[in-house]
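Chain lettering (A, B, C, D and E) follows the sequence in which the chains are written, and residue indices restart at 1 in each chain.
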């Protein structure tokens, strides 16, 4: 078991680090080691993205931060997670939400037997102010389709459910949002819109974000900093510009590594390529 | 051996614990008393009390356990299902089995009665069988009807849950009631579990029955009588040996007044010669002697003392074995255990007929806020007809 | 199977053919252990006294029935609260067949199983439409309806008086002692468990689990939902019926009183404690549930020796501690005994690289 | 494409839930051997269309003919015997089974053993049959490169891997028509390339006709033979990928009209 | 046909039915917020009834003090129970939790037997008039009390689940504990609240039954008796539990009527509701008011 990968570049120092994950190891079911020493920092007000192939451990990392790991028989066996200087590795998920970190879980995870509005109100569960209804309107403004859906949320189409999941995060008005593949299942038009909304929330409301995304292009164009992980380790990190111009990144994540993008039709070899590991 | 091994299957927990506790306590106290006062001709009874929670397989397991360690010569048992399940085993192992299940068909040791499915040679119980007790009540009711000077055919109804125990005397009793000139109405079912029974009471009221036999146990009779109290039923209630006791009188209050039921032995505090011994026995677990014991307790004591006397007779016959205890029982004729005169009803067992007694003591009770009174109305002798053996 | 596979049995799993991959026992060691256990059980009657034999027999017939319940609850995901009634039906059916037709008990037991299966299929029909807890309560209804039937159907059950059941006999030899009946139960136990294991690793067994895990996609994968939902009731009832028949011929007497909702709940307890969806778990859970009251009883009589005259209070303590033992057990082992067993195996397999 | 009779013919299908018209009078044909893509905005009725074909939903109107047989009225499990297999948009694996068993479930309709023969296993040929099918399943596992997770419990896999297992399960059905609902959701570029390859192989080498819903325009454009566009339950376009992409209505409804030069651009997601 | 008897039976059914409804509501409450089928429901009634009985008889408190104290005690009891027994099981399979409630039921059944004995004990007279006459039928005052209270509770519950924050949180928790936690809902608190409220309402029902039938261990049978009610109304419907209670109550009485007038089969009173239940479920698989599972894929 080797040491975690060395950072490629130093992060800009002047930013205040809101969330810092230090060398954590995660084990599922007491035997399955999934994360082998992950470290990452999220500066306040920034949008940081986490990329990586299927099964790398991206969702696991987010769940470790939000505390939801415990509900899946997972455990952080080493390392610390500090949020505003406080170690939250052992806090319960609801405490963490109340501290200001809100996770949009992978795979939509809406409450199917409630209506759209009830789901949105649930998003605002930790809030007690009177602007909840205004925020509901705001969500409907972003996603007009949702407003027309008056039945139970379980009957929404996949994309509509995804909109609702994002809407719920908007309702929560947290200090920090962990987004797990927000663009999954959305039409191209909506993907653009959703990223617009994400940037908007990040920039205008100053909400810090950690974004896990498969659409690396979109993600890196919105983010200021990025990490790439594979098999439970960070293998590459750097500012968004650096990553966008990294040759390996172009090859495996962005498409069109050396010049022209290959057509999907013409890719012949689909054997796993040797990578950074 | 210097000790006599005896097993005691008790139902201190489980659905029948309400009556199982006093009965079992009676047995435990009586055994302790016997041991304290010289045992059986100087031999101590080594007894093992096991609470089996009214669960037949567990009773069998206990029996097997005993057979491999305690090796009892006699067993004091409890419920219907477990007693029936053990009939064959005890016959094979030759163990005298005194149960608290008074099913009629345990009274035929040889199987000569056409109504008997299989003989129960080693089974004994103290008191009238369920069927005979019900017959006794019907017989009383017939006289009551005459005494009240009413005319016409009195109407009789059987009430109880659709379960082995309440149903046990149903057919036998209905037949006798018909014979005595009753009109027998279709029976009404009410739950063994106490629950509101106003619906059944309304049916009862509607049916116009004059006498209703309640075949359930006391706790469910409480709710029935309470419910019938609000509905205003005029029927005369009759109930069996497990159907009514001190507790139910108190719990039911006025609604239970006037019920008529079967008592198997003297009640606590009755003015009978044997009461002194009984009070001594009670002190075995209640040294202060202040506890008021229930009817079931007294029956437990009697059942144990008959067993003891059978053991005494067995010893005289050459040794305390299950076989000899059985013979000991079968030698008893209008027998009352010494010291318990007036407490236990004289009983007779023969090699062909295990109906210990056919005398039915009919009582009634009255509640007067806080305290209550139990009065004996009559002692009815049910005929010992041969065709009723085992039924 | 190559002999080298045997040699490496302890460190990891090496398999070179699919045959090896589909054996019942994950490692040759576990196979030998189970065979050794069965061999030991064959000699048990010479070693154990009647009490332990009796407990063993109890475990045997309950485990067969519990396995059936696990098929419908653990594998197909349909909670049944009426298992005791099927168990009882099997007991009555076997006694009735034997008493009324004179068919030897040897044949009556499987026949009773089939009769119970037929009943199970009938009672399972609502499962085609009703799901989840609604179905659970529908099975509760069948529990009460069947109990009522037992008390009513004099021709079949002997009504309130109950029915006598003759001892098991084969070629004129009566298995009426615990020693001999032990073998009858053992054979049934081994055969029924083997059959269940086979069933669950073949087509229909997988279909059950698929229906449990995701019935919508199961249907699109070509599985006929109604058929499998009802079938699992049928198979489960078959096991219950055989277990019940074994019970009836052991006790020699079948009474309607015994097959109540409490027994149904106890069956559920067996499989939950053992582990839902685990064949061996059914056995482990049964062992737990049968032995628990005995252990408590032993503890209580031990305590009773020190404090005479408190037997009655001890009886309550015993009942309480049974409840408590179940609660504590589930707090510490919510996935059941079988899960713990798997974890231990996984640990040893990976040792010393448990991470 | 040769002019063979259509493998699947959907005629005038309408479907509504209460007030929601998920599909309105949709007709199209899928020819044997093609890769046919359905695209459209979220909530347009794409998944509902697949559900109608695979039998989850019964359309209010219209008919669906597959290999000359009317599908309406057939139960979903019977359609699978005719040769229709599918994957799901929201994962629908059997979460507590191993990957291997999940895929073996796909063989259900091809296996002959039942609870009787299965129980006695060794005596009835059930074992032999199981092993034979196991070998075929292993081929599929190899093909989709999921051998390393063969014994993993499906519920513990990551999202992307589960998608792949779903594909394997659908392939195990050996369908003539395979319906894929967003097979590439949650995958990165490289994995999408792999997936595209699998689909092309399934189509070309395994001879399966593919109907695919996908939001990634690059993939759709590159690998599909024909594309249909749904919007608000209505078909708004159908044709060759390039033709469809050029349709202004499609660009407006689906891609967002202004700054789109071509599908690739949209996929790359350049945002001004 | 005896119409007087029939009306009296129907009225009786309605009265008893409301009581079933109240117990069913406790059940639904737990189910709706935790998905747990509470097999210890009957024991909750028992504990409540015994507590109140002890306060009134042993401590000689007047009813209007003893009763609220009982309710307060039950709230504490529910919370403690949740903390000690159910909290460690959060996130574990629901079926394990259900089994734990079976263990709880065994435990409390014997504990109550130990403390209070197994004999039925009468409740002291609480109301001046024990019963009032309605349509020729005597109705116990305690039932009237339960009728009034149950209507209030029902309305309360309805609004609670529809509109309150906690109600919403409970529904979300029942749907998926992980999702609920991710939204900042404390599953522990939701559980505590659900068990506490359920214990409180159960105690109320227990006291009413105790007043009518006397207190005894058999009271816990209500816990099973109420199953058909809950299912008939729909497992997750507050309104359904009341309607289900009324229907089962009336059905029992109608069965008794039909049986006593014509059939003479016996036992119809207890068995008929179960037949009816199966038939109704075949027509409406989610009971009368239960929400359907979402079968979307």
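Just a few scattered comments:
Everything below uses one rule, namely that a contact is a pair of C-beta atoms (placed from the backbone, for glycine too) under 8 Å apart; a residue touches a chain by one contact, two chains touch by 3 or more.
For reference, the UniProt names are A = Amino acid/amide ABC transporter ATP-binding protein 2 (HAAT family); C = Amino acid/amide ABC transporter membrane protein 2 (HAAT family); D = Amino acid/amide ABC transporter ATP-binding protein 1 (HAAT family); E = Amino acid/amide ABC transporter membrane protein 1 (HAAT family).
Small disclaimer: the values here were computed from a predicted structure and weren't measured.
The greatest centre-to-centre gap from chain D, using C-alpha centroids, is found for B. Set against one another, B-C and A-E show the most C-beta pairs in contact at B-C. Inter-chain centre distance (chain A to chain D, centres taken as mean C-alpha positions): 28 Å. Per-chain Cα centroids separate chain A from chain C by 47 Å. Averaged C-alpha coordinates give centres for chain C and chain E that are 32 Å from one another. Between the CA-based centres of chain B and chain E the separation comes to 36 Å, rounded to the whole angstrom. Contacts with at least two other chains are made by residues 155 of chain A.
Annotation for chain E: residues touching 2 or more other chains are 110, 113, 267, 270, 297.
Contact of a single residue of chain D with at least two other chains is seen at positions 56, 88, 90, 92. Listed in rising order, the residues of chain A touching chain E in the complex are 66-68, 70-72, 92-94, 97-98, 102-103, 105, 109-114, 118, 121-123, 125-126, 152, 154-155, 168, 172.
Across the interface of their complex, chain E is touched by residues 51, 56, 88, 90, 92 of chain D. The touching residues of chain B, counted against chain C in their complex, run 10, 12-13, 21, 24-25, 28, 48-51, 53, 55-58, 60-61, 64-65, 67-69, 79-81, 84-85, 87-89, 103, 105, 117-118, 162-165, 167-168, 170, 284-285.
The residues of chain B lying in touch with chain E in their complex are 13, 17-18, 21, 161-162, 186-191, 193-196, 198-200, 202-203, 206-207, 218-220, 222-223, 226, 230-232, 247-248, 250-253. The part of chain C that touches chain D in the complex is made up of residues 18-19, 21-22, 195-196, 198-199, 201-207, 209-210, 212-214, 216-225, 231, 235, 277.
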